[in-house]
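Dropping the structures in below, format is structure tokens.
One chain, subunit A, appears in both complexes that follow, with subunit B as partner in the first and subunit C in the second.
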Partner chain A sequence: MKRILARNAPGYLFLSPWLLGFFLLALGPILASLYLSFTRYDMVSDPRWIGWGNYEYMFTRDRRFWKALEVTFTYVAFAVPLRLAFALAVAMLLDKGLKTIGLYRAIFYLPSLLGASIAIAILWRELFSATGVVNQMLALVGIEGTDWITNPKTSIYTLVMLAVWQFGSPMLIFLAGLRGIPKDLYEAAEIDGTPRWRRFTRITLPLLAPVIFFNLVLQTIDAFKTFSSAFIISNGTGAPADSLLFFTVYLFNEAFKFFRMGYASALAWVLLIIIGVFTALAFLSSKYWVHYDNDRD
Partner chain B sequence: MTTTATDLEKAMAFDEAARVAHELRVKQDQRNRRARYLKHLFLILVSVVMLYPLFWLVASSLKPETQIFGSLSLWPEEFHFDNYTRGWNALPISFTVFYMNSAIVTLLSVVGNLISCSFAAYAFARLQFTGRTIWFALMMMTLMIPYHVVLIPQYVQFLKLGWVDTYLPLVVPKFLASDAFFIFLMVQFFRQLPRELDEAAMIDGCSPFKIYWAIILPLSLPAMGTAAIFSLIWVWEDFLAPLIYLNDIKSYTVPLALRLFLDQEGESAYGQMFAMSVLSLVPVVIFFVAFQKLIVRGIATSGMK
Partner chain C sequence: MTKLTRRTLLGTMGVAAAATALPRLPAMAADRTIRHFWWGNPNRDKRTFDVIAAFQKKHPDIEVSGETIGWGDYWTKMATQTAGRNMADLVQMDYRYLFEYTRRGALKPLDEYIGKTLMIEDFDQGPISGGKVDGQLYALNIGSNSQVVTYNTRLIKEAGVEFDPINWTHEDFARVCEAVTKASGGKIKGCDDLSVYIEDAEAWIRQRGNEFYDADGNVSATVDDMSTYWQHWADLRAKEIIVGKERTLTLDEALAERGIIKGDAAMSAIWSNQVVGTQALMQDEVGAAMLPHLKDGKPGQFIKPSMFMSLSRDAKDVDAAIAYMNDWVNDPEITAILGLERGIPCSAKVREALAPNLSPVEQLTMTYFNAIQDKVAPLPLPAPKGAGEVRDSFRRTASEVILGNMSAADAATMFIEDAQSIVERAR
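Moving on to the complex of A and B:
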């Protein structure tokens, strides 16, 4: 008994802050959130059990819930592939034939660090406003722009642009991945006269698959969680006409504006399940398109 | 020795081959150079597009109100520092207070993250104990959980504790290693350090804490630096948690203060809003420059390619 204690004590001692955090800040709240999602709770009176009531209302009667899903999925569907495509294209340009990539790398990465800030969200609002820079540039080539932010048809794409502007962090991960591809493969293919496109689809893509997979999972989860920029650009409400009603913005308003904590918890669980399903799908599908190095030798 | 005709022919053939090879190489070089120029041209173009919004922000912060939305130019006709001096005091409370608040929260959070995450990472990477793999798997799973899911119960809990409108809800979680990403980052780094170091130290009678403090930490400065920089930038820019927990304007952090400008938009204080926005980004840019160096050094010392 003493020996077991002596063997385990140091490990658990060092782990204790995290363990405490895990139970108090992660596991506990998740279970509490699950419980609350089956209640009506306004923080004034105690939570009242209403069974599946929240979920039933959500799926059958709540139009804004469906709108929030639509907005969020549209955003994910455009922002993630565009950002990854940009990141990969620029990473490939930087990877080959250039000696001084440090400065480019820094310039392309900087927006990823700044992009989450309120300052940039404010800037974005003004860039795409009716009298903003974007419209002035379009006017130079004779196109009359709209008020991109207050037009419900275009508002979501300003946020997609903001996401693409931050392609730097997946780019860095792609760069590291490209470094790992043996250069002699390309040389051999070039001598054989393999066209550039085939070199890309037959060498780069398959060998980079694990990195693409990693980036895809990470960026998708991140995109579903988008909050600050959408909150600032839509004045905290999801306006105009709910076209920026991101799932997280809707959840925030239900919880902290209307104090419908039970309903907001149900929304949180739906978000958790959506992210869980997407992560699981990525992992399940990965066996068909991601092959790790070790199955080669 | 006489030179036969065949020898001569051979020599000439070699000569010819060398000449052709040389020409091909020159042509290849030219083509490569042209491709390189094109690449640079394209990359410079992308750089300009990437940086233009940032430069526009800085330029606008230096322009008088009436000139901000009139022009695309990145060079103000006259430099107008009013926006900075007036913007600093434009809100009911001076930005000095907001910067102090942000500094306190950020500093405490970074310290908390470094201590608690390196503790956990040391346990996961270097110590033997039962249940290690299960805890590690659970830790990795918490990486996936959106903050919004734990937000509401956490808020209810902190409200009951009377912590709302203090910095405790922002800072205490960092001392409990709630940012699992940093644990993961440090585990990856700690695992690369040679095991013989621990073993030798253990034979010499060092305690696990001594090994952590005197061996693992000093060898992991690059990883600790990376974690510190990232956590600093993320906490500095954090909006959601302060938005929920801080109601009193005296306790506002910089991002919350910036948002107040938006509520006053009618008063057309764009220049001041941009000036304060620029200032809020300055620390991040400064640390980014330092972070660049740190990465390079980290790569050099750890021998990664």
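Moving on to the complex of A and C:
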């Protein structure tokens, strides 16, 4: 016991800044929000206990709650696979042992650094507006574009594109993963005359599975939490016609616009549970498709 | 060993704490400070900071810190500060939010200062009483306004169309829209699409002899009120004589987004105090018209307190805050800086003092204001809790009609149901 503690102490020491932050800054608000989710709280008068009232309203009467789920799930379903595929494709292109690899990595990572910023969201809104650059380019090839942002049928896909464009961080992780695949496997396959596609499906994908899994979990969580871009592009309301009513945007509106902190807290816990369930599903499924090196022992 | 580390650590933390505490020490003799928080635009912000400078010159012992932000974010920040018990001492208040904030206990009544440090007894009592909740004054009227259809005089002239800006009807309005659109070859439309503004619909409902909310705070507007309203706008839209959906759906509250300023419409609906701000952003001269009337209908629009100043629950130096408030509505230098930008002042003395020095556009506002006095309906009853959310729902539902996803009649049914359940839930 003592030995285990001694062995782990450095680990905890290194974790301590994070642990301190968690216990001092995060745990309190988290517990408070759990309590608030069972109350009616308008931020000015004191919270009033209403039991399961918020949750009951959410699931039985709140039309916009279901709309918010629909929008968020649609986004996750498109943005996560597309972003991962794009990140992997770029990572494989970069994994060719170029001398200037550092430079390219930095350039390709740039959108991810900018991605969360307000400026990019505003830029995105302009790009896809009726007279924006996108439509001007489409006009050059004779296609008449719609107003991508104000059309409820297309607005969410502009956000999916924004997500795909921010492929930097999964790309870096993929790149590191690709470096870890022994080159002799490819050489052997090449000598055997294995076509490129089969090399990809039979060597790259299986050996990269742990990294793909890691990225999948991370990106899914991230996608569920998407807020700032949707908030900016929809003017904070989920407009047009609630087509950009992301779960977090809805939550924000309930909390800070309509002063329903209790209800917003309940929404936050439902989101947490949804993310938890999806992460758990990913872990359960990983048994069937993710194999780690030490499995062979 | 561990002991030493801990002590060192505590020592370091102590130094760090002391270091952060240092800048908090009062640096100046002006130990009385008040915070003033308002929603603004560049012009208003400049005027307000000038007022603060003038006030501080008069009261060197009081330091005023001004905080400003756009309307959209104002209420979010306000709610957060209220929850954090960190409201500014003086906050700008709106008629729509006054009752929510007062009934939640966020504001202090002003009655005890009237006649002592707050000299407003000789003000017009009608506009002043707009700041009363349950018999007590919680908000000081710092200007009155009314709805106005502001128009680009050059475009109207070029279209060769004439109308009476005070006594015109919805038919006249459509005629003007058509003429402007035709004269510009379709490039410039008659007006913004107002069907996303609940304020415009409210006037329509009142013209039909109804009210949006009744005395008990229930939704009184009917499906018929709403479907005729949205159908009226759908007809204008079908003729393509109002601004198109791409612009309407992205239109936010900012003044600069209005068609008259963007240049793609001849008319936009705003509040009368915004005429000054609108003219400041335009080359062409603007005019002011009432919201169009319903033929043989009742008056729809109304004069309301455009903005209030309220004393917050968290105000510490109440005397300093009241002194600031008093100068805001009485001091000749300060009222001159403010002009009519926040609305028409309710002190006759101040209005008289301002009259000789009014700019042409301020003159226009004043003339308009005088002309509508006997054409308006009384101030509607204060909106119930949840009114802000009803406004959002209105906009959402109107968007569905504009996009063609819903007929005016279906949208009306859905909206009225929605509004009823929102008000119900907010109780």
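As a convention for this text, the second predicted complex is superposed on the first by the 268 of 297 C-alpha atoms of A that agree within 3 Å, B and C clash if a C-alpha of one lies under 4 Å from a C-alpha of the other, contacts with A are read in each partner's own complex, and residues count from 1 in each chain.
By definition in this document, a residue touches a chain if its C-beta (ideal position, glycine included) is under 8 Å from a C-beta of that chain, and two chains touch if they have at least 3 such contacts.
Worth saying up front: this structure is predicted, and the values here are computed from it rather than measured.
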Subunit B versus subunit C as contact partner of A:237, first or second or both or neither: second
Touched partner set for A:271, first subunit B, second subunit C, both or neither: first
Greater residue coverage of subunit A in the superposed arrangement, subunit B or subunit C: B
First, second, both or neither for A:123, with subunit B first and subunit C second: first
Contacts of A:147 with subunit B and subunit C, given as first, second, both or neither: second
First (subunit B), second (subunit C), both or neither touched by A:259: second
Touched partner set for A:160, first subunit B, second subunit C, both or neither: neither
Contacts of A:248 with subunit B and subunit C, given as first, second, both or neither: first
Which of subunit B and subunit C A:175 touches, first, second, both or neither: neither
Subunit B versus subunit C as contact partner of A:45, first or second or both or neither: second
Contact residues of subunit A, present in both the subunit B and the subunit C interface: 43, 235, 256, 261
Residue numbers on subunit A that touch subunit C, as the complex places them: 42-45, 57, 61, 129-130, 147, 149-152, 235-237, 239-242, 253, 256-259, 261
Residue ranges of subunit C touching subunit A (in the complex, touch as defined): 72, 75-76, 79-80, 82-83, 100-101, 104-106, 245-246, 249-250, 252, 386, 388-389, 392, 395-396, 399-400, 403, 405, 421, 425
Contact footprint of subunit B on subunit A as seen in their complex: 4, 7-8, 10-12, 14-22, 24-26, 28-30, 32-33, 36, 43, 90, 93-94, 97-98, 102, 104, 106-108, 110-111, 113-114, 116-120, 122-124, 126-127, 131-133, 136-137, 165, 179, 221, 224-225, 227-228, 231-232, 235, 248, 251-252, 255-256, 261, 264-265, 268-269, 271-272, 275-276, 279
Complex contact set, residues of subunit B against subunit A: 32, 35-36, 39-40, 42-43, 46-47, 50-51, 53-54, 56-57, 69, 71-72, 115-117, 119-120, 122-124, 127-130, 132, 135, 138-139, 142, 144-157, 159, 173, 175-178, 183, 207-209, 212, 233-234, 237, 239-240, 244, 255, 258-259, 261-262, 270, 273-274, 277-278, 280-281, 284-285, 288, 292, 305
